[in-house]
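Paired with chain B in one complex and with chain C in the other, chain A is shared by the two complexes that follow.
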Partner chain A sequence: MEEVDVEPTTTPIPGFDSNQKHLGFVWGPGDILVYETIYKASGGCPFVHEVRKDEDIYSPILRKLFNESHHIFVGLQRIREDLPSKNKKPQFVSISKNYRSVIRACMEELQQVAGIVYVYHVSSCIITLELIWNLCEVLFIDAAPAGSLVLHLLDWVRLHKADVDEKAREVLASESPAEHQAYWDVVISYVLQGRMDEARQVLVKQAALQPAARVMFKLLDNLLMKMPIFNPGETQTLTEFDVKWRHWREEVDHCLQDQSFASNRHLEDICKILVGDEDVLLEYKELLSTWYHFLVTRLLFSHPTVKPTELHYYAQSSMHMFLDTRSVPEPLDSILLAAFEFDIHQVIKDCSIALNNWWFVGHLTDLLDHCKLLQSHNLHFGSNLREFLLLEYASGLFTHHSLWQLAVDYFDHCPEFGRVYLELQIERVPLDTERKALKVIRICEQRQMTEQVRSICKIMAKKALRNNRLGSALSWSIRAKDAAFATLISERFLQDYCAKGTFSDLDLIDNLGPAMLLSDRLTFLGKYREFHRLYGEKRFSDAAKLLLSLMTAKIAPHSFWMTLLTDALPLLEQKEVIFSADQTHELMFCLEELTSGKSVPTPDRPMQVLGYTPPYPLSNVCFPFNLLIHCFIICSNLYSCLARG
Partner chain B sequence: MMEGINAKYVSQKISKTRWRPVSSSSLQQPDIFATGSWDNEDNKISIWSIGENGISGLDNEFEGDPQLVCEHKHNGDVLDLQFLDQDRIVTASSTGAVIIFRHHHNSQTLSVSQLWERAHHYPCDNAPCTGIVCNSPEIVTVGEDGRIILFRADQEGVLRTIENADSSTIHDVTFLRTTEILTVNSIGQLKIWDFRQQGNEPSQILSLTGDRVPLHCVDRHPNQQHIVATGGQDGMLCIWDVRQGNMPFSLMEAHSAEMWEVHFHPSNPDHLFSCSEDGSLLHWETSSNSDTPSFLQGGRNTSIVSRSAIAPAGGNQSLISSWLTGDSSKGRLETTHMLPSQTLSVNSLDVLGQCLVCGTDGEAIYVNRRVPI
Partner chain C sequence: MFVARSIAADHKDLIHDVSYDFHGRRMATCSSDQSVKVWDKSDNGEWNCTASWKTHSGSVWRVTWAHPEFGQVLASCSFDRTAAVWEEIVGESNDKQRGLSHWIKRTTLVDSRTSVTDVKFAPKHMGLMLTTCSADGVMRVYEAPDVMNLSQWSLQQEISSKLSCSCISWSPSSSRAHAPMIAVGSDDSNTAYSGKVHIYEYIENTRKYAKAENLMTVTDPVHDIAFAPNLGRSFHVLAIATKDVRIFKLIPLRKESAVGSSGPTKLQVQILAQFDNHNSQVWRVSWNISSTLLASSGDDGCVRLWKANYMDNWKCTAILRGDGSPVAGSSSQAAVPSTAGGPQHVLLQASSAGRKKAQLIPG
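What follows is the complex of A and B.
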């Protein structure tokens, strides 16, 4: 087994005394159930605690993150594979920006919910997520080449150091901006971020105050204005830019050597920053506040044409210079460093450890995989990194009472194991209402998971049956094409009929339609009811034909033949001849078949055909054999009549 | 692409949305709607506002982002939701309860005004209440237990119960007349019930010949009481004339999965809207004039000719609804997808005036204030 990367966190269980008791536990899909035990038969603890690893999933604000990112994820999967990759890069960048804007929206909303410590903690985590994602977008997805690289990194830093603008607003709004205590902080911050125009605008205020030093201010303003910025759109090549930039830098250096700014410490500092003087930069640690800001500023003023492959060297040195050597590097620092080293796998690994939820790494890895940036790196259990992370994320979602629906789409896009995971998980979704069951079944049907469809329909049908909702039960059996259950339901109907003498739920039986063909018993039920209807409508010959066919075509179960023959009685009693000679013959055959060898089933209670009172009270008949003899006699009488005429 | 339609993510799966009715005399557009959630540990009903609606000409699609006004806990999934009047909302719960909430305008809060706890029930289990229709002060509810119950708001007890009205689940109900209702069930039958008659039998049963596909939703034409539209498990839209007997007038392929709701536009019934489990919301427009202008401003447009079963049986031409046109040359039907892209199931929609609201399983609400009617 591998070594543990970090110390596992401990979660105290309230009210648990580890001296007295032991802790028993069992794993759940996303949580653990723990209970106290002293391994004795009696004196157990009444409490079971549920320990959840991921609380974020239950935060209402973060839920929006999950839903919106799901939408983006599904859209990403649908991008067509056959487009050439150079067309796809802007699409991927735009998707990455979509993800980030979702994170930002979440962040803003969290910040609005003021005053709660937990929320603050989550909010600062979210900010960090956006920071990391943004850097990954710049370095990996957008993959800016030398020249643009520094510009993108500048944007990145500016986005995450927005307090400068706030400070600037405050300063400029004050009565005398140039005398505001934060004035120079603002100017220098702008310069450190490479925002020369804003710096110049603020500097003008100071220049106005000191007309005597006008020349000096003019000089600096000029230098700031002339600073070359690489413009990737123009036809200027990197080398040309480099030449221009060195030229400008020499000019700035000249001014320093000439002591042009000696009289104003601030202006001199600015000048030194412009030539990339690291010691001066480090004096402004507070304004920079992070080593990566320091890195980017350093690159801007010393190596604006830095190549992506050289980044890591500067990143390492910047971190060492900036941070106190005794301080332990934070997780964020190692993540960013890994990013600067273009070690994508290390970034993902470190993020996975640092965060308690697979959302971030799952989506980021998926996007990077689409950009073809991940080497196929087969893990021990066969699937690749992207799939592993998505499976973990989706499994986590499935433990949520509501977000399980999102997880389905994630499983769909995991080609190796997604289906298996889905099959196992979908059966565990609790089905409280028919509507929910319908949605789950639809999900299964769309993916040809017939086993799951059957089992869910069976559960719903059994539940309906238990509550005596025969129509619902039948509807579920039809959906699952479950002939066995349809037979069961028909048996219920027939039992009800035998017990009460009437059919219940006529609206169902009368309107079975083609569903009747699902099972033989169901067909029999439908046809039997039709017989009764025909009889009620006095269409005796049709009724007789139907009745006979029920027996001869073997649709009727043997146990019911007794009833059917009894039903034939009133037809035989009619004044006009209903059964033809052939039909009478068949009737007799059926009778014989029923009585020969096998024991004749005894009805528990007298049979009452709907709307028909038999001429002899059936309750007096103790043994139906008498009845049969009677039938036989009548039949043979008729037969002889016909034979004569 | 429909302009002015954006998703608002609300951290709850929306099962129902309804506009608060506006008084018929005013020409105002609706500005308040209610939503109900489902599948949450704590379900809620919420009231939202889309703000002042007088400004026109501003194409800013972020105006009128729905703002939450108030909400209230709801025990069980909200399986149906209707406005009884301006102040009261009736909900159907998966616990079998029927609840009336009152919206207090001055304090902007919701409170439970009346509760019928186990209106729908099995002997031992809970039976979800699946549908409600109101005609203030009367409320009719239907449920998985196959009961039809008639309530009167402000009266404690139940006015009338039709026991065992159906052996399968009744999914939806609508008024045909003040004393007649029509229900649809999960074995594909439409049943008409007349409250003037005693007894527990429907006065008429209609169903499709062929497969008994469960029906999930029904809506009556606003002006013509004999025309209803139904939608069911197979996503087909059927238009029925209940006078004409046992066959629907038209059958149209609409969606590739269950159709959850169908609505005629209340003031312009040549327009029909349907939403489905497959994540689409369709706007159907029928026109019976030959020189029809195209109202639709682009977007995906499919011309579907209605496959009518029977030609209308004579009668006054002007009374025959364009939905029942048998001759395809006389009528034309166009459908448009209203949502910008594929979403999870659209569970509910409501349309009033020029405003459309819908809610999805992706925990999003979409509001469109410029529906081309």
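What follows is the complex of A and C.
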């Protein structure tokens, strides 16, 4: 397979001279930044230029194309594999038509947007896409056999030569249509397109003007009417049609030999066209305008029963006959030629090179692959052509701030590398808002991409912590199952509490549930808050029990024990005895453990929180005295317990 | 391709490195003017400089971002023989309103006795780790054992070679099938020692990096080196900027069953492609995110993009070249650089270079 060898395009970067400077660069998410530099020396005034590919994905009209074709793509993937291919053919043709209608809709919208050079360029490109896709549908997907083939090709040409109808409308709307400058152009164009009925209707106008030549016109009209057209639905076989057609052709030829139309050059030309006179056809190059129109017309009038396998011969000769020997074949020409040669791989390759987007080749190849028309090549990574192209297309979508979500489905349907590409790229989606982050996470969770989920949650937690949003940071680190970070944030909560005397984000902490178990510190935070709640609800004995367990079960860090013991004070001071004798004993034990050779920071939380106003400012009291107070209170409590028996 | 936007970088001297952050919303530039600037991309695509500060007492050669899991962290390295780690702190509210932020230095790595030529963070699965390399041929691996404390970094290992080092690349593979790997390139012109690219692999048993391979076919000075994203492949792909652009394939040969071996994996080295289109020294190579495109920059003042088609044939698909024209709309302050000139000006340029015919494999 030869490669179309094309030189790489050069993009100029303004503002500096390549002869004097080097060009530094860095890859970005959809662009590349370049800047002047000199890798060895120093000195200079730098710019940084943002360079992008000619961007289709940012056009809002094309966005609809991407969205709707995504819908069709996903539907196509879901067609069940177990049905035999031949039953699926109508389905595939229908899908192909869907794609084409999406292209046409896009084209129409673009044509309505006037006056912008870029849009024009894209729009004419889109017309080409539809032309190629349509031909691929006729030849590969619908795979029309001899007989129907010419009819399908006629439809194809007619669809892309719509200016005839416009011209016809203009002519017929004029005062004297038969005298209109474009009159004969219209008639001949209709004949060239095999639209005999329309041609006859227009001819009638001329016939009316020349009553003397009535017989001649009637004769031609008759010939046009009788032209056999293959009808695949009828029981007529191809051979029968062929016989009929040759018969008719002989009749036309007779008329020519008889000079029946000699007096009117136009009518004679039409007659010559009907017998497939190539020289006359070529005289009407302007009306045909393309070599493939010439090809189809040639086939209609010379080989209407052409077989698909014979197509390429006529295609090549048509192209040679029609084009100047000097003119260089355009990429479109080689693509169409490759299609007529049924060389699908060449079509795809040439399209990849010539068209500035992966959308087209990606979707077309995918459809052809479903039709089982692509042999699988063993590629470098072991993937295949379809996957290669879809990966390219989807990767391009990923850089767009909203289209990236479409890309996910494409990656899902690339069995070899889709997952790893998705993993790589989805991590890079900027997490601008919590909502967006959650969206990305949901996509990852659906695909068991646990590492990506963890990473994203960690990034969000870190961001929240940086902005001092502790509650958000905590919930993200819980989601990330990051025990170390959760511990850190819990510490911060506790520190904040010590400093301010209140908890922030109470809702979150109150409803931790089993997540509390992620880290010891987090558990403590949750339980400590629960203690405060119980106290607030005046459920003192429950509060007391919890408080004690926080120390005895070693949930509370030692650094916090002083605070907890201080918290115990108001409970001890209550009129009713809250702590039992055993509990008081344990409290003392904790106090002892705390003071035995360990340095403990003094708590400086205001105790007003618990509604307890000490007769002296406890926080100002130095440590040992503080302890004595504790001991005293605990002992007195113990005493009252014992006194009660 | 077209120039979508031109940003006046406002450095007073040459820019040596530009680095995008992980999400592509921020960038850092560093310059011979000894400073680093951080830029943020707004919603409408405009770049705003949100921080600019003096980082070193010599030219800053490279600047790089840590993974956002570790916060907003940068590392820079300089001619002044140090590398530094910086962290952004959320500023006062009035700073935020003015769109400014502050970066503070968390640590300075002063072990090197010569210019530090490159600094790179390790892949995130390795924790908070970075590597520097110096002009005297020493590569150092540092780790911050507590990721919450960026001021504590410990030197894990120092590896000396006889050749001056210019560039480092970490293998990005997080697969358990691959041990962590570092490639170091040397720009030493000493021809007595061939093999200007060394590959080091982490050995579990010794908890140290050991030399796994020396690319003997690379005999000319190497200016840049880059592993491609791994994509779940069993082998590694490494691009090298030397007198041409070269792409190597490194295939690990040892089987998993060789448990407890204390040596690095044997690597089979194959060359995938070699391009001399720059026709001169190549200074930088870098892969895009999906490793489908390689970009290189050369002495010819051009950036070239390279792509493999589905048959794995590599081709140059685009060229970016300075056209010598002044940046449109620049004012009287000279656009022609000769000495450390004044700041340039911001302008927007979007000339479409689109064409229908013979376009190349885009992307």
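One rule holds in what follows: the second predicted complex is superposed on the first by the 513 of 645 C-alpha atoms of A that agree within 3 Å, B and C clash if a C-alpha of one lies under 4 Å from a C-alpha of the other, contacts with A are read in each partner's own complex, and residues count from 1 in each chain.
Basically, a residue touches a chain if its C-beta (ideal position, glycine included) is under 8 Å from a C-beta of that chain, and two chains touch if they have at least 3 such contacts.
Model, not experiment: these values are computed from the prediction.
*Asks:* So, does A:362 touch the first partner chain B, the second partner chain C, both, or neither?
*Replies:* After superposing on A, A:362 lies clear of both chain B and chain C.
*Asks:* Mind working out whether A:434 is in touch with chain B, chain C, both or neither, as first, second, both or neither?
*Replies:* A:434 contacts chain B only, not chain C.
*Asks:* Between chain B and chain C, whom does A:353 touch in the aligned arrangement: first, second, both, or neither?
*Replies:* In the superposition, A:353 touches chain C alone.
*Asks:* According to the stated criteria, A:385 is in contact with first (chain B), second (chain C), both, or neither; which is it?
*Replies:* Only chain C is touched by A:385; chain B is not.
*Asks:* Of the two partners chain B and chain C, which one touches more residues belonging to chain A?
*Replies:* The partner that reaches more residues of chain A in the superposed model: C.
*Asks:* Using the superposition on chain A described above, determine whether A:23 touches chain B (first), chain C (second), both, or neither.
*Replies:* Second partner only, chain C.
*Asks:* Please work out whether A:276 is in contact with chain B alone, chain C alone, both, or neither, and reply first, second, both or neither.
*Replies:* neither
*Asks:* Can A:418 be said to touch chain B (first), chain C (second), both, or neither?
*Replies:* Once the two structures are laid over each other on A, A:418 reaches no partner at all.
*Asks:* Is A:9 contacted by the first partner chain B, the second partner chain C, both or neither?
*Replies:* In the superposition, A:9 contacts chain C only.
*Asks:* When the two structures are overlaid on chain A, which partner does A:467 contact: first (chain B), second (chain C), both, or neither?
*Replies:* both
*Asks:* Per the definitions at the top, what is the overlap between the chain A residues touching chain B and those touching chain C?
*Replies:* On chain A, the overlap between the chain B and chain C contacts is residues 463, 466-468.
*Asks:* Taking the complex as given, what residues does chain C use to touch chain A?
*Replies:* Going through chain C, the ones touching chain A are 1-9, 11, 13-20, 22-25, 27, 29, 31-32, 47, 59, 68-72, 88-90, 124, 148, 174, 223, 229, 231-233, 283-284, 286-290, 292-293, 295, 297-305, 308-313, 315-328, 330, 334-335, 337-344, 349, 352-363.
*Asks:* Touching residues of chain A toward chain C in the complex: what are they?
*Replies:* 3-4, 6-39, 41-55, 117-118, 121, 124-125, 128, 330-331, 352-358, 377, 379-381, 385, 388-389, 391-392, 395-396, 417, 420-421, 424-425, 427-431, 451, 455, 458-459, 462-463, 466-468, 488
*Asks:* Give every residue of chain A touching chain B within the complex, in rising order.
*Replies:* 60-61, 63-64, 67-68, 70-71, 74-75, 401-402, 405-406, 432-436, 438-439, 442, 446, 463, 466-472, 474-475, 478, 504-505, 507-508, 511-515
*Asks:* Which bits of chain B are touching chain A when the two form their complex?
*Replies:* Its residues touching chain A are 7, 9-13, 38-41, 77, 79, 94, 122-125, 127-128, 130, 144-146, 164, 166-169, 185-187, 189, 191, 202, 205, 207, 209-212, 214, 233, 257-258, 277, 341-345, 361-364.
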